[in-house]
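A single structure is presented below for examination.
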Amino acid sequence: METVKRKLIDENGLRVDGRRPDELRPIKMKVGLLANADGSAYIEQGKSKIIVAVYGPREVHPKHIGLPDRAIIRCRYHMAPFSTTERKSPAPSRREIELSKIIREALEPVIFSEYYPRSMIDIFIEVLQSDGGTRCAGITAASLALADAGIPLKDLVAACAVGKVDGQLVVDLNDEEDKEGEADMPLAYIPAFNAASLLQMDGQLTEEEFFKALEMGKKACLKIYEMQKQALKERYLKIKESVEAGEENQEA
Amino acid sequence: MSITPQTEPLAKIKSKQIRELLKTGKRIDGRELDAYRPITIETGVIGKAEGSATVSLGNTKVLVGIKVETGSPYSDTPNTGVLTVNAELLPLAHAIFEPGPPDENSIELARVVDRGIRESKAVDLEKLIIVPGKLAYVVFVDIYILNHDGNLVDASALAAIAALMNTKIPKIVVGEDGEPKKTEEFKPLPIQDCPIPVTIAKIGGSLLVDPVLEEENMASAKITITITKNGNICAIQKSGPGTFTLDEIVEAEKTARRKAEEIREKILSSAGG
Amino acid sequence: MPLHVEHKQLVVPGELLAEGDYLPGDNTYMASGKIYSQRVGLAEVKGKKVSVVALKGPYIPKVGDLVIGQVVGITLGGWLVDINSPYTAILSVPDAIGKPFSPELGPLAKILSIGDTIIAKVIAFDRTRDPSLTIKGRGLGKMEGGVVVDLAPTKIPRLIGRKGSMITMIKKLTGCEIVVGQNGKVLIRGRNPKMVELVIGAIRMVEEQAHIPGLTDRIRAYIEQGKQG
């Protein structure tokens, strides 16, 4: 039962969903949608849908895990049981435990945690629907939620994967490209430092491909970064527009 | 949930000494920035295991045992055998390790080692299928940390690949009745690559390979880059709460590539033998 | 072009505000000679100083702050008070009743019990220790009656207005007594429920529109219209 592998790049150089190699999937970001959380954000990247809530800085429980010189960050990356084709057990998998750690480490470098000693900041990332690139989209949304919570940040963190499919480097892989492709390299990028706070890779890349992938990843992250800034401002600009529209109506 | 860890407090005088030395391109144990500690590899140390190896990297000591059983292949990969990697940060290895289920550090360690082996296709899993969809060899790689003095990833991955190369599995023949039968004969595991991880820590603006524990505790971040025998990169993991600039990543990759070559020769001569 | 933003411009974390001979003010940081924002907020340029007025953020106590808190626990020597901050405040017996604790006082719950709301002043806080409160003093103490409304702590200065202009106007127009806690809690007391409603509405407007110029005029219009309607 030999299955014919579908081509991931067609004769026109386009990908399974019609994108060019350096083209991101359609991305929607929304900030401040959960009333109880101190900060929250939602992202749709292609068919991946992720919601993030931030609580804190708040009192540490239990007290002894607090640090005398800065806030501790707690991070949970979790996939909903219905987020995948096959139901995923809600118990945290080894993958989720690893990702929770490296996502925390991807966000910590931008947080001024020294402002809030003996407190904690919680970041809850829930993948509602998974179609590839969820750790990156989770980081992108989490930094929006942190900013929305009013937590002082050095910068926003933007994240995007670069991969190799049918021998070609492409950005922002969907699930099929991730599973069938030859390499996947998630990158979280902090523009203010020109630095990576998350970098992983599996599959195989030559040195030349790796250097090129880093550059492509940086470019993709910068596009996402612009969208993040827009999403954060949009919320306040909308209120401003509606207030100003109201005033004009009254004057008329 | 992942929580910012409480780091071991390091005497300021010591961290200052480390920083000052790094400025002159030296390290506390006298090594160059790109020098590994002495590596010793011993294979076949556990007779009851199908394969085993201990690796010492300075004072870091890791034992890997390989057990091979038969079982069903995964439903989504009916034509390949099964490989799983597990790591135990044993309480006997350091005062900071507590007994209990694997925490995020041991899970990350196991998954980084797993990625290097899997993505390099070091073990030809397709040759480990006995009856497609029904029966396959299941290879358990268990990493035992015996003494922790930094750079557990490299020591563990080297021990794992050395142990896999040393592993003999029972030959199984499928009889005419379709029933698989174990024979008395043994064959080596089908090994087709020798992935080598190189871990590089960042302290201040310096990049140094194979950090000892004191250096690890001071490092803002680490990156492990695993290189196949063809010179491809097959796994990367940045770890720790800091960042690497893109230039530093490029520099780290070049160092990793160079060091991987040196270490591979060592592994092949002591384990591949 | 050393200044990259306009006064009152909406900015986000990591946004470049200025470089050259500008000075970093509140909610900004400097790296390699450049000043960046730390928060979502409005840029404020005063002379050579560039700062950001944050739109949201936690309440961090300062000595002298008036706060409105809720008693959440009783210890041997006093009470634990939630002041809407990462740090739970402590009100010790002498700071509550003016004399030291003695067993003759009987159970402390007779003086203040869990669930009570108090108006208090922060008398000590240095981040290595939890904040201490006092309720001795005019206008301080256990609250009886009134409504407490939440407002983002970062927007409290906007509710107060320059030299108290906003809050004075709201008080004058509605006749309500208003106590503003720096920790994002506002106490409103008034005989006329309609006026109390108008104050709550005005606070909601501050919450929503703190970043839009002309807020004082809009709130005046809102209250005046509400009084007629």
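Odds and ends about this structure:
We call the chains A, B and C, going by the order they appear; numbering starts again at 1 in every chain.
Simple rule for what comes next: a contact is a pair of C-beta atoms (placed from the backbone, for glycine too) under 8 Å apart; a residue touches a chain by one contact, two chains touch by 3 or more.
All of these numbers come straight from a predicted model, not from anything done at the bench.
Taken pairwise by the contact criterion, the protein chains link up end to end in a single open path, with no chain closing the loop. Located most centrally within the structure is A, per distance between chain CA means and the overall CA mean. Our note on geometry: chain B versus chain C, Cα centroid distance of 53 Å, whole angstroms.
Chain B has its Cα centroid 28 Å from the Cα centroid of chain A. For the pair chain A and chain C, the distance between mean C-alpha positions equals 33 Å. Contact residues on chain A toward chain B in their complex (touch as defined above): 65, 67, 70, 72-76, 94-95, 97-98, 100-105, 108-109, 113, 185, 190, 193-207, 210-211, 214, 218. For chain A in complex with chain C, the touching residues are 38-39, 56-59, 68, 71, 110, 112, 115-119, 147-156, 191-192, 228-229, 232-233, 236-237, 239-240, 243-244, 247. On chain B, the positions that touch chain A within their shared complex are 1-4, 6, 102, 104-105, 107-108, 110-111, 115, 118-120, 221, 223, 228, 231-246, 248-250, 253, 257.
Residues of chain C that touch chain A in their complex: 10, 12-15, 27, 29, 31, 36, 38-40, 54-58, 60, 86-88, 127-128, 152, 154, 208-209, 211-212, 214, 218.
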